[in-house]
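One chain, chain A, appears in both complexes that follow, with chain B as partner in the first and chain C in the second.
Moving on, here comes the complex of A and B:
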């Protein structure tokens, strides 16, 4: 047992020095390989982290959201509709929500305004997201000056700044009291932006959604699954674009790697011939080639994955920010919660390491089975 | 003397009403733990909170099921699944009401069969707390029939497995 480990150690030792002898070529391979793993890994981490972030936020979302439509556009819904929905069997609770957008010419961005549930805010108090705080340079205790729907200025005191934990959605958020919201936008006390419906039995959600639309023909009922699916589709679509762009790079790498791995150079064939002549067996040579492929591909794999991890979770995905994000203006600094699944790593591994390792073995086996005398003479 | 007698009478009355109150609230649901398995199919029950059903015995033991279908199989063949117990030993049967997902008395519930709602073990008897709910469920989910507990037979359970 110890002897065989010792043997493998010697083979690896030899392989490493043999790799080092052709360092220019092997380092180039390592760099290109690492780059490919890095780009693919970055896209995977990024989309997965975005999806994860969305899922965390949506976990607390209501089962159904009911919105009134006028001419296909979202309108304010009368609070009386809540009674109609409450009468449907299986509905646990119906709550009205107030939210909207405010364009701020000073910050040159759209803010999202929301009336939080179960938070005690006075009429002129607000809580703002970290992005707004940065852009407008306002902090706890300061006042933020906004304009009401009819042009009068209104100053709101900042009671707190939202934690940067999930900046994806809270960066441009302002939490405001219901009365403050109605005053700012001129929304009457009988209306709400939309209604949220809590359902106890998850199996019943789609039936209840259908019943709501049946009873309120001018409304639409959006289920939580639909929102999640939309997020997934949007992120997948963005990832798709990135992969399509990267496909060229991946193909170039494949050709490069195939050329390097499949066709042994004359020097390498000579090396195999000499090793056989001095008494190495075919099996030993195959083991050597296996270790060579493993060393190159594993080190580039780990390097690429680590680099991608830092790129996404510490450097805020600087390289593909414009493509993958970008549906709001106010994300000056944006850090995702690190999230990695074993499944992703496994996919990345099987698409990069395994093919390369396999590709190096076959030509080596071919060379190793030829008579050493013939190899050395060619 | 009279006051003492009155006091005794009062205490007796109090005990009596307390006793009858106790009797009214006698269903004490067994506590489900994550390791409880269905005695019929062997699956973990806690994973399916929408379908949990239970039979509580007078000695305090309790069997949990991942659907009314498995509960009925157990109920009809107690001698096989819980030797030494008979239906007279049963203290309560609780099933999960479809709409409220709360435990309700299994003897009083209304069961809908043939609907498009499937449980962890396939076709199910879906329990509803009252008749109006059962009727609405039958319409919404294309149910075939509404049954009372006493109408459920072993033959019917067999047809659900086909």
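Moving on, here comes the complex of A and C:
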């Protein structure tokens, strides 16, 4: 047992020494390999983190949202519709919501304005997301100057900054009082942006949604599950596009890796012959090649994963931002909450480390099964 | 110590390029002696050395090493015998470039599973024996011809083999270094090692250290020499 461990240590020692001998080739391979893992890892981390953020947000979302439609577009809904919905059996509560978007030419960003439930805000008080605070350089106690729907300036005092726990939606968020909201956008006291419905029996959500649409033919009822599915589809679609773009890079890497790993040079073949001639078994040579492949691929894998982690969660996915975000509400810079799943890491590992390791062993096996006496003739 | 019985070696058997390198050779090599295989290029010396050193299998015939028939052993066992019984000195030394002299000397011992520190000490002792201590950390490509040869000899000895096999060891050496090589062989013989050399260099086969000269031509033994 100890002899076998010592043997592996000796073989690894020689492998490291061999890798260092061909440092130019191996460093080039390490860089390209790391870049591929980094790119794929970044896409995976980003997509999963966005989905995760969406799930965090939707956990607190209403079971059904009812919106009025005019010519297929979302319109303000009369608050009287709440009465019609309340009359449906199984509905626990109906609440009106006020929210909207505001384009700020100074910050060159769209802000989301929302009237929070159960928060005591005066007419000229607001709470802003961390992204807005960054973009406009405004902090607690400062005033934020906006323009009302008819062009008049309005000064709103910042009562607080939202915590960055889930920046996906809170980054560009402004929480405002109902009166302040109506004054800013000119929304009458009889209307709301939409209505939220809570249901007594969670299994009945889809039935009640159908009943709402039946009673209010000009409205749509969106369930929480539908929103979650939409988020997943949109993020998966974006990740798919990104991976399709990266496929070329991955293919180039595979060809490069195959060439570097599989195509043993004449010098390497000669070395394998020498090792066999001086008493190394075929198995020893395969172990050496296995360690060689493992050292290169694992180093690249960990390096790539760590770089991707920092890229996504600390550098705000700077390189992929234009493709992967692309939501108008996300203009303010935001940082994602770090999130990694073991499943993703396993997939990344399977598609990068395993093929390379196999690619290094097969040609070595072919070379190692030749008779060692060939070396006597060179 | 080593007996070859009706050894035949054919390359590319069954193809149009078929070539018979050895024709039914029978030869017994005595232990603790210096035996030289002498003959022109293409006479089969290197092929015979490869078979004697368990590097290649004969197409037909039997090899008996210290009373044990080894011809049909699987590759693993044959490698084990090769590693523990034989030390090889190749014509072109076959040192691995890019690694140090001491690492080259240690190489054959890596699969033995001895602790690294012990291997290093054994290799250092051998380098000291051959006045190469100052070159231990140097890369082999920086060595002179004589130093490279002594490194190759040190490598052949690291597993303390009973038999030293050298293929045309003086082919690339001048007269002084060739004589130096034979002096080293004398020391090995005095230590009780069995030495097999393939060479057509008179400095080798005319040396007084040699006990027996086996003459070969066209894959056959034409003079088995005196045992």
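What to note about this one:
Here is the rule we use: the second predicted complex is superposed on the first by the 356 of 378 C-alpha atoms of A that agree within 3 Å, B and C clash if a C-alpha of one lies under 4 Å from a C-alpha of the other, contacts with A are read in each partner's own complex, and residues count from 1 in each chain.
The working rule: a residue touches a chain if its C-beta (ideal position, glycine included) is under 8 Å from a C-beta of that chain, and two chains touch if they have at least 3 such contacts.
Values in this document were obtained by computation on a predicted structure and should not be read as measured data.
Three-chain overlay on chain A, with chain B and chain C fitting side by side and no clash. In the overlay built on the shared chain, the residue A:207 is in contact with chain B alone; chain C does not reach it. Residue contacts after overlaying the shared chain place A:275 against chain C, while chain B stays out of touching range. In the overlay built on the shared chain, the residue A:89 is in contact with chain B alone; chain C does not reach it. By the touch criterion defined above, A:247 reaches neither chain B nor chain C.
By the touch criterion stated above, A:13 is placed in contact with chain C alone, chain B being left untouched. An angle of 110 degrees, to the nearest 10, separates chain B from chain C at the C-alpha centre of chain A in the overlay.
After superposition on the shared chain, chain A has more residues touched by C, the comparison being chain B against chain C. Within the superposed three-chain model, A:347 lies out of touch with both chain B and chain C [touch as defined at top].
Put simply, chain B and chain C get as close as 52 Å, counting only Cα atoms, in the superposed view.
Residues 50, 98-101, 117, 133, 136, 140-141 of chain B are the ones touching chain A in the complex. On the chain C side of its complex with chain A, the touching residues are 46-47, 49-50, 55-57, 75-76, 79-80, 82-84, 88, 90-92, 94, 96-99, 103, 107-116, 119, 155, 159, 167.
Interface residues of chain A facing chain B in the complex, by the touch rule stated above, are 89-90, 200-204, 207.
Only residues 2-7, 9-11, 13-14, 17-18, 21-22, 267, 270-271, 274-284, 371-373, 375-378 of chain A touch chain C when the two sit together in their complex.
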